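Look at the two complexes coming up: subunit A is in both, with subunit B in one and subunit C in the other.
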Partner chain A sequence: MTSRTSVLESRSRAGLTGRPAPGRRPRRPNRDTRTAAGFLSFNLTGFTLFTLIPMALAIYVSFFNWPLQGGQTRFVGLHNYGSVLSSYGFWRIVLNVLYFVGAYVPLNLIVSLTLAALLGPRMRAVKGKAFLRVVFFLPVVTPLVASSLLWALIYNQNGIFNTVLGWFGLGPVPWLSSSDWSMPSIIIMSVWLGFGYNMILFVAGMTNIPDTMYDAASIDGAGPIRQFFRITLPLLSPLIFFGTLMTLITSFQVFTQAYILTNGGPGNSSTTLVLQLYDDAFQYFRLGDGSAIAVLLAFMILIVTGLMFILQRRLVHYEH
Partner chain B sequence: MSTESVRSRRRVARSARRVVLNVIVWAAAFICLFPFLWMLSTALKPEANAITSNFFYGYHWAWGNFRQAWDFFPFGRFLINSLVMSIGDVLVVLVASTTAGYAFARLRFPGRDKLFGLYVATLLIPASATLVPLFLIAKTLHIYNTYFGLIFPLAFTAFGTFLMRQFFRTTPEELREAARLDGASELWIFLRVMLPLVRAGVAVLAVFTFIAMWGEFLWPLVATQNENLYTLNLGLSEIQGQYGSYWSYMMAGAAIAIVPTVVLVIALQKYLVKGLAFGAFGGR
Partner chain C sequence: MRKATGYRSRSVRYGLGALAAAAAVLVAACGSGGSGGSNPTTSGNISWSFWVGSPGEAAVWKHNADLVPKTYPNLSVSLTTTSFTNYWTKLPIEASTHSMSCIAGLQYGYVGSVGNLFMPLNSLIKKYNYSLSPFESTMIKELSSHGNLLALPYDFGPVVVTYNKALFQAKGVPDPQPGWTWAQFVQDAKKLTGGGDYGYLPVTLGGTSLSLELAYDLSGTPDAYVQNGAFNVTNPAFVKGIQEQAELSYQDHVTPPYSTAPGWSSQEFDTGKVGMEVNGPWDLIDIKGQSSFPVGWVEFPAGPDGVHSYNEGSGFGITKDCKTPDAAFKALTVLVGQEALTYAGSQGRAFPARLAADSSWGTFAGSDTEAAITTALQKAEPQEVTTNWAQFQTALSKDTPLVLSGQISAQQYAQEVAAASGSGSGVSPGDLSSILPASGG
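And now, the complex of A and B:
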């Protein structure tokens, strides 16, 4: 921290209490407050209306029998939670999501770390790295509906995957039409569309690791693989933590791939929590049930986030 | 064994390693690009033969598919709706985030840090949790099934405010002090002194908001009722639901949906990394 920043920090702390810092222009906080009110008004209005109130409302609605059309809304206490949690389908859906998260997140990290190492600044042997980074990033920014349609075509019973498998005397695999394959198909497709995000993040982190660290290691006789595990991984660990956390949070909410590729089927073999939330609220018009699922999902994500932060204290290496 | 032959053997090993690494990476790139290539190839096959394992069908490419898809489905309308929603959200997000980010970063007012803490805390709540409430609010405000309803409910997440605050914090305090001593108005200081200093941040936020909104599916699915307001994503999904076997047309439509993001990514590569490190797109 430079001295200037710390002066700013202490000034802002003085501002927080509403008292002007001693010896400063006394009118300043007043003028700042009025200005801030003006600058914040637009954002604060929208934020209250479309972020804060909806979060409170999500919990509120989950305590009501709240039909989408007609009918009276009625307070039912925890009944929605009871009916959601006791339905046989719900646990299958939770398992589906855990299956997805448990397979997708590690696969994503393995692929993205490997390719980041191959496209990172240390790898002088690989040609065309800038171009390759864009290629691997393209699926990330491609609209999910469009990429899901591409994969629906590829996974088609007579599609290219089964044709290629046929060349080797394998298959055909019922990618989207069997309850054993629906989830793996969604996972494979998701790894394709998602790993580029973490890969770009990790490449950026690698460029910040000073060369001198590696020079010292190679003088000690450490080869590139050892260097990766002993230098790159530990120094990258804060970023790996961040990437993993974001990937976890996103993957608990997987929706579009499942909606387009299988619509949760066959049966409910690939139904996800957000898909069930959507169906309950907007297909069966039971907003209360949908909200109960939303609250449960938010809880799950909060618990996982908390666990990640506990893990982080043991595993993540911070400098200083 | 002479040192010469050891050296040349090492050289061979090194160039072998080089070839293997390049083969691995470029093979991965081909696999990554393949779905896009397959999309284009299918979009250019005659509809009757869309599902074939040949990369090219026969001797001609059916460029007419794009035309027919365009005529058969209201892609023009979908495209306009997607543009209105994405650009509208970019504008609203930019205004809301730069003003609030500036206030949180550079203005002193009571309760500032607590309020900002509240903003950051909402980042922990998954977006899908507020789907039902947003729908109810859109109904209450009578913006359900309107452009306003498509745009505004998604524009006020804490992410943009958080991002712009980070950028404004890097600006020198002295400039603002000097402008104030010169008697400049607060709005003038913001627009003419501060905002130009965070151009990079504004660009990052604009690009990411556009890409995110262009890809957004769940909210338009919930917030619109009639086809006139369908975005491209919604239109494509409806076409798949109703005419699931029109593969050539669907791939032509998917190609249309993909073009803007491809162009943006290629043109604005340097901004991507910055946005990702702040958690744009909420991870993948």
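And now, the complex of A and C:
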């Protein structure tokens, strides 16, 4: 700050700032504020237009009987919430989401962390790590619809999975047409789709861990596994927390995979909250019910996120 | 400060002036475009939104759109297309922002759920003395609700069985003939099954659920899902109609494994490994374009109470967002006119609802196919739809794999579908006597 202040003062003295003569209190904070506001304005505008206002509108609409196609809009208070909570299959759908989150998030983290360890800076024996990282990251940047269509073919009765199982005298497994297999199928596909992001995140985190820590641990006799659990994991914990939180939030909002692969079926076995929201709002044209589901879902995510932040105080290690 | 105030007041004056000008333009536009005015607009560009299943279909409708300026030089039509499934999502969303196209397609099944987005055509029909007598009368009823005709029909057709002639020949099974029975259908399906081939596609073409048409045929009860005007799928007739279809899959194993892959039901028959499917004349263009084997057409097999099928079709209506309904109506009359529907028929896209154009479809289809449709037509009836049609269709689709695999019984299937569909009622065409006897237009 000292050097910056002196630069500004010298600019002011030279008449470059266009400000009045010295002696008055410098107005840097105001200018800084304006500069910050200028930079933030694009983001803030986008956030306000596309996040804040839609969120407020969703909450507003959730208190109305709001038929999408004509008809009278009518204030109904909490009726939509009661209607959604008591609607056929709603709690099954909530369980589906919890099932998905409960299986997908740990699997995603295990796979991404394992691969990050294998493709990270400590594994010098592994060749072509950069190439492999790109390959594993590709699903993240592939359009979700395209990936889902591809997996629909993979899961087909005569698809790759059943063909391979057939070589061993197993199957065929009705991946998408059985209520027992539909959700696991979506989870498997989602893990393939999503682990690359966390993997890259963790690799970046591992790169920042100083070698001196591992060297010291080696001198003390710690092997690679012990080093991983005693050095890598604790020092990576802030990033693991971030990755877990983001994965958790997005997993509550799972939609495209379920929509393309099973459309929520068979029965309601793979219907998710967002899929039900979509059906209510855009298939059955009940915007009030759809908005109520959106608010309930946001509330669920809020609770889980809050719990995560409470947990991080105990589990996340910040190096100071 | 005074300067600033002056600047503001000038800005306000300019703003008010601009608003007044905009209001004047709007008022002028409303005056010239309103249907209730003494001089309704009958020129300009009319937007038209419709569903297509293939580029070939789109080309047919584009050709017909281009016919409009030939009849009315001051009118032109811009066609926008989307898939059938997306169309029913897109239309209400456009309605919510008052941005629907002037003319839009309406399938009979959706009269109950999106019919309120369409303008009743009764007054325009009377105003222009437009005759409905050239059209198939069942379609006029199917596209009407509470005495209001919501669309002029462009096609119709009985739901029939299409079959892979090459597979029948390869398996030594004689082609099915009119008058065949359900027992023979099952027997043929069993003979066709084996070596990776299957007898029957267990879902409606392009869809993912069991056939309501076959449910009628197998139960002998029309509209088995509606009773006394109320939605009721748990009645024994519906259960029976579903049970026998499901047995083909989980008991007789004559159907290919169900798949949720997009386009599966359409593509599975085209692979040549499935013997029979439920279909209709509107699909001839795609069958001819995509199947590499000869396809036969035959009426439904007779159930315990004889042959029963539905007559299904679609039309074009004017949406409530249309600012120039008179111009749209003129364009509409061309789109369902003799020349347009003869062309659609000649390309196999539509069995024309304008009866005088029917022969064009037969020319493209061949005499055997035309005869099969004509035979089936004599026994086909209008189908009653429900106000909760979208929920009903979604529920049917979601639970179909379970009943086909025997994971749930037909009775459970009906209960699940009933619970998931919610309440609904049948859609009645109402009294159409004021427009049906019209003649001359």
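Heads up, the rule we're going with is that the second predicted complex is superposed on the first by the 270 of 320 C-alpha atoms of A that agree within 3 Å, B and C clash if a C-alpha of one lies under 4 Å from a C-alpha of the other, contacts with A are read in each partner's own complex, and residues count from 1 in each chain.
Quick note on the criterion: contacts are C-beta pairs under 8 Å (C-beta built on N, C-alpha and C of every residue); 3 or more make two chains touch, one makes a residue touch a chain.
Computed from a predicted structure; not experimentally measured.
K.L.:
Of the partners subunit B and subunit C, which touch A:88 in the superposed model: first, second, both, neither?
P.N.:
Only subunit C; A:88 stays clear of subunit B.
K.L.:
So, A:168: does it touch subunit B (first), subunit C (second), both, or neither?
P.N.:
neither
K.L.:
Is A:247 touching the first partner subunit B, the second partner subunit C, both, or neither of them?
P.N.:
first
K.L.:
One more residue to check, A:153. First (subunit B), second (subunit C), both or neither?
P.N.:
both
K.L.:
In the superposed arrangement, does A:179 touch subunit B (first), subunit C (second), both or neither?
P.N.:
The answer is second: A:179 touches subunit C but not subunit B.
K.L.:
Scan A:279 for contacts with subunit B and subunit C and give back first, second, both or neither.
P.N.:
Second partner only, subunit C.
K.L.:
Examine A:260 and indicate which partner it touches, taking first as subunit B and second as subunit C; both and neither are also allowed.
P.N.:
both
K.L.:
If you tally the residues of subunit A touched by each partner, is the higher count for subunit B or for subunit C?
P.N.:
After superposing on chain A, more of subunit A is contacted by B.
K.L.:
Pick out the shared contact residues on subunit A: the ones touching subunit B in one complex and subunit C in the other.
P.N.:
Touching subunit B in the first complex and subunit C in the second, residues 149, 152-153, 156, 260, 282, 287 of subunit A appear in both lists.
K.L.:
Under the definition above, what is the set of subunit A residues touching subunit C in their complex?
P.N.:
68-71, 88-89, 149, 152-153, 155-157, 172, 174, 176-179, 260-268, 271, 279, 282-285, 287
K.L.:
Using the touch definition up top, name the residues of subunit C that touch subunit A in the complex.
P.N.:
88-89, 91-93, 95-96, 113-114, 116-117, 208, 256-262, 320, 390-391, 394, 397-402, 404-405, 407-408, 416, 419-420, 422
K.L.:
Under the touch definition given earlier, write down the residues of subunit B that touch subunit A in their complex.
P.N.:
Interface residues on the subunit B side: 17-18, 21-22, 24-26, 28-29, 32-33, 35-36, 38-39, 42, 51, 53, 92, 95-97, 99-100, 102-103, 107-113, 118-119, 122, 124-137, 141, 152-158, 161, 173, 186, 190, 211, 214-215, 217-218, 221-222, 232-234, 236-237, 240, 247, 250-251, 254, 257-258, 261-262, 264-266, 269, 272-273, 276-277, 279, 281-284.
K.L.:
Considering the complex alone, what residue numbers of subunit A touch subunit B?
P.N.:
Checking each residue of subunit A against subunit B gives 4, 8, 11-12, 14-18, 28-29, 31-33, 35-40, 42-44, 46-47, 49-55, 57-58, 61, 108, 115, 118-119, 123, 125-128, 130, 132-147, 149-154, 156, 158-160, 163-164, 192-198, 200-201, 203-204, 242-243, 245-250, 252-253, 255-256, 259-260, 274, 277-278, 281-282, 287, 290-291, 294-295, 297-298, 301-302, 305.
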